[in-house]
């Protein structure tokens, strides 16, 4: 596969969602929009998957404004899969609620507009070859996703959206400051945008006085942290994930956070040479382990299902970050596995919330109680998610956590790996605690699920559950091969 | 592929098929039977390796695997697992019939047994840890399938929580060893500094010790084992903790060598504590399965005593003694697996027939359930260490090893050996005390409930397995050679001398014991005396002598009453709680309510405060998510300042 | 050593002679208390009387109750054949101190379980106390055993007896501590004052007598012989392990007989001089024994464990 | 020649110092003032000043001119958007900040004294202005932190973004137009969305007071 083909393909994979978004605006009625949505989603995802697989197979190219390498391939593929499922499940969600953030008549259309716009941004970030532009797109996602979070227009949703907007925007402005410093310091008398390209960044940073470079690097990392949701600047995360529409929560948790983390990853690899590996890696390790640690006490209580998943995002982002910080081949294999497995399982978990909240409206505030009885399909989905997130064998997350810890031990980060192991165990106890609380409770008396709700709503969740379960099993099967594969080798060589 | 490997593979395949079949309600019994057959096949493969002493499959590897294989030690544990699991699964055919979620329970028990095999067969860290997690998980699921009330949920939390937390020790030690290449190279750790070796040993002791139920990390055991259904608790108590001991043996005797010198004494201390405290708390229990669970703690302690003695003797250069101690530990491992699963299966039968197992509400079951009752009696004598049953054989060997350690171990080991031997003697006496109580309250005397009086013998599918296990207990007790012969080769310090594994157990340089002759004499003599007393004519029925009072069930002795004297003597240690409330009706006593319990001090003083502390701390930490945007922005600002400060410090 | 005729003869004789010991103790005691007392042969008379009577079983009793007397008698008989007389034994059952512990456990288990079968309060009271004593007596016995075994470096009874043969063991403090401790064990096992009062007829104070309450006829006879056999066992052990005796037959046997007789006198003296102590005080006494053993152990280790 | 360059440098130096001081002062005022409209005016003034300097700096390079011009446009656009927003949501009574003005100033000054000096010297350009940039970002956060009116919190975002601009002006002639354009578009987008949020919140709660958003917590 040559660059000549890569660039148009990549462009198409980004343009496709935008086109779809515009096409959907032409839909006459809501039903028409839903029907059209299916077509667009499938078409878009086909292009996206094609592009992603192409990137995976062909080596790494950085030409013009796109960078296509293994990492971007993996991310594009996973993002596309998650976005596809979200788009396909959106009708199920929309039929349940009446969005009030937009005028009622255009509500569905605006939803799809934002959704596909979000999709486009998510596909773009991994392939953009320039730190500055990448950050700008990240900022753009904030606009789109905050509106989506508040889509239902309920007070809690507004609150979540507002907090998300303020915190992340202020954070990203810090990152901008860092970038500007990098830029002006590297070229006091003006220079091209190209010196912020991933390929050029090492040289750029090398031109800056060391302490300034470190400061700028730290500022950018902090800015990204607010967007990734690394503790202690994660506070918007549980609110946003729990209040957003389920399909959007899935995209936020499974796609947005890791995609932004990819920027941090690339930046680390780019900066290691100039400012030293220790200085470049320390922020990642610190943020990562701290995120896991902060997640633990919150996991120690029963809470609403989506909020629980949100805190698990915090934990698992932390784990992935520690893996990136360790950066030994084995750990990176763990990172890839963890990223993919977490994305699938977490997305499924959020989708399970659609029928769950229709069967048990009070589950939006309290922990779900004996779902197994009222809606078996939903329970199956939740069980798959919980089992995977708990990192129990034979789920892929078991192997990924094992790889990351073993990688840490091998590359001498024994303390980090040990702390990670202990924290993961504590988090597991938390999940167990919450799960048992939910198991032993009885269904709330005021609410009696009716047969129609059961059969009618939980049908859509069945297919994703089966698909995800199969995909997870496939990932587990890959687990043995991954550490020795070429993917990991290329990742280990650095992805900037 | 050797034939044995094929037997193994076929066995696994058959078991899996059995699991699949048993998932269907209508073919439950068939499925369980097929499972049992498969497990038996696997066990045959293992036993063949022990006897033939030729390893199957791959050796241990430091890579990610997956690789599996059987060497003699694994073979021994596989055989023990199969010896317990096969009867347990057959028993389940009858036990599960008509109970809730029967297919699901059958599936989980099958998976559980396979996971146990997996841990023992695994030859690389990843497979080992995977099977390890499955092994911990399966029983928890089973418990939750049986009941989801607050208590069982709590026991599952304590069980999974503590074992998982301690499992971190297993993870880290296994992964670190894989990294250091200790699985293949016995001298890999010799190069490492003592600190590293101590940390590894500490992690391994914590992880495997907790899973094995060694005090003070045993707290999950008496909660989890009783909550599980009969056959599962039999496998849990019979072999799961033994699999943990398997890991401990691998660590201490193969991978962690050379051991830091603090390990063996520490293990000896923990083992002695487990023995005495375990049996002491068992003695104070009022619920049969909980009592049996505490006895598992005791017996793990006895096994660990043997292991520690072996390590100490090896350090003192007494290799023959070390081999003897090791063999004693292994023999007791097998014995405990047999009689403990026997007792749990019988307890399951009782529970099925009379409902709850409150010791004070049973009685006279030997008359209504003669077969199960007799098997239970045999099991009790075995666990109490009464000759000619197998418990005595292994305890005798362990005692010999400890005394020999005291005599030959040099100045350091002498006091340890002597005190450990004394502790073991006290344990044996307490065990007799305890099981006299159990036998009396469960099997003998008058029925204390109507439901007990009307109970009947369980079907053959449930009596068969317990008879099988009882016969094994007796056989090994009478001819320990059948087990000691193969076990004698397992020790890393060379095989036992032939004299020690003959019909007469002769400890080199110490006493000899001819169990067969003793058994024959006692049986013959007793039989003769029985004949003699028959000759005196019929036995006359008579009322019981209680100073002329009329016998009354309300006057019957309770569990607490029988142990009261000991409780009073040891009140300082046990801190029993006792409340007597007298309701006066005018001047007349209307009613007297007496409540007494012996609190489990490890919970009250150690674990509950710790747990509450953690929960309180997390409650405080959760306040950081206060919901006020202002606070979050403050965090952002502080983080910014902190980052810049760190940069400044790091740079200049 | 297996099958040397004199040893067999002497040990089989032991089975017959055993009842003589409690009788002797009772006689000496009576004399010390200024009574004439019954003849040493009194136990034989009682056994004969009981052997003629019909045995009795309360309602709802099982085979456990019926089997217990013969089982404990068999166990004690086996024990008597294990313990060497004059440093020689029939080697049928092996010769080891710890085997004796096991055999005593059989008898204890059988009688205590049998006490549960009728479920009478008094017999259970006695059984519970007996078991409670054993919890403290067995570690004491073990420690004493270790101290005795430091000489021969073995728990083989014959070797221990032979080692006890040479006179200079009396010069080692460990030996004396062991002797003291073993003395306590003897009192517990034989159920003598100050631990227990064999002459009592008050059920509330019974320890060893308690479980016997329901029995009659040949059952009771067996149980009483068992008690007598316990005397023989412990006293012969005490004499053999702690008193330097000649090891060559026939002197060995005669010296042993003399030593046992002397020990009977000592037991009788203790019984007359000491009152029965409270049940709950007994563990304290045994604890003191343990402390003694510790001292002995310390002295041995200080001596370089040679 | 060299001398002239030196003179230019010194002038530029003084200028950027002046701008930095001025913009920081304006931001400080925003922390204090009571009315939303006043705050908006102050922020607009700040942005206009920076934009003006950018234009003055460009010296005719087209590529730079686009950036500077866009800056100017953005300022106007945002001012209008926010102005409309304020006009359409008349508060019955001003949203109370919950913190006394003096305390706010003290907090702001404390943060200013604590954080910007931590910024290491870049070794060239005007370090004072660079620290001023950091100060602006800090003040942006402080504004959002100490004030509760949603509109003012949006202004905090703008102040923070102005910090980046100031940093750009501190040393080089200008940041490449692409980045500027992007940032500007982003900010516009954000402003629109934020105003939308503001109106929804006003509609839901009857006043644009972020203190009412306290429902989501653990």
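Odds and ends about this structure:
Per-chain numbering from 1; labels A, B, C and D assigned in written order.
The rule is simple: a contact is a pair of C-beta atoms (placed from the backbone, for glycine too) under 8 Å apart; a residue touches a chain by one contact, two chains touch by 3 or more.
Just so it is clear, the model here is predicted, and its values are computed rather than measured.
Highest inter-chain contact count (C-beta pairs) belongs to B-C.
Relative to chain D, the chain whose mean Cα position lies farthest away is C. Measuring from the average of all protein CA coordinates, the nearest chain centre is that of B.
Centre-to-centre spacing of chain A and chain C amounts to 79 Å, using the average Cα coordinate of each chain. Chain geometry summary: the mean Cα position of chain B and that of chain D are 69 Å apart.
Chain A and chain D, compared by their mean Cα positions, are separated by 31 Å. Rounded to whole angstrom units, the spacing between the C-alpha centres of chain A and chain B is 45. Residues of chain B in contact with two or more other chains: 622, 625, 629, 633, 636, 640, 644, 647, 651-652.
In chain D, the residues that reach two or more other chains under the touch definition are 119-120, 137, 141, 144, 153, 210, 213-216, 218.
For chain C, the set of residues touching two or more other chains is empty.
Chain pairs recorded as touching, per the definition above, are A-B, A-D, B-C, B-D. Here chain C touches chain B in the complex through residues 51, 53-60, 62, 64, 66-67, 69-71, 73-75, 77-78, 81, 91-99, 101-103, 105-106, 108-109, 112-113, 115-122, 124, 127-129, 131-132, 134-143, 145-146, 149-150, 153-157, 203, 213-214, 217-219, 222, 279-280, 283, 290, 297, 300-301, 304-305, going by the rule given at the top. Put simply, chain B touches chain A in their complex at residues 64-66, 125-126, 129-131, 133-134, 137, 144, 148-150, 153-154, 156-157, 160-161, 164-165, 167-168, 171-172, 175-176, 178-179, 614-615, 617-619, 621-622, 624-625, 629, 631-633, 635-636, 638-640, 643-644, 646-647, 650-652. Across the complex, chain B meets chain C through its residues 363-364, 366-367, 377, 381, 384-387, 392, 396, 399-400, 403, 406-408, 410-411, 414-415, 417-418, 421-426, 428-430, 432-433, 435-436, 439-441, 443-446, 504-507, 509-514, 517-518, 521-530, 532-533, 536-547, 551, 555-557, 561-566, 568-569. Chain A contributes residues 101, 132-133, 136, 139-140, 142-143, 146-147, 150, 153, 155-156, 158-163, 165-166, 169-170, 173-174, 176-177, 179-181, 183-185, 187-193, 196, 208-209, 211-212, 214-215, 238-239, 242-243, 298, 301, 303 to its touches with chain D in the complex.
In the complex of the two chains, the chain D residues touching chain A come out as 64, 119-125, 130, 133-134, 137, 140-141, 144, 150, 153, 156-157, 160-161, 163-164, 167-168, 170-176, 178-179, 182-183, 185-186, 189-190, 192-194, 196-197, 200-201, 204-205, 210, 213-216, 218.
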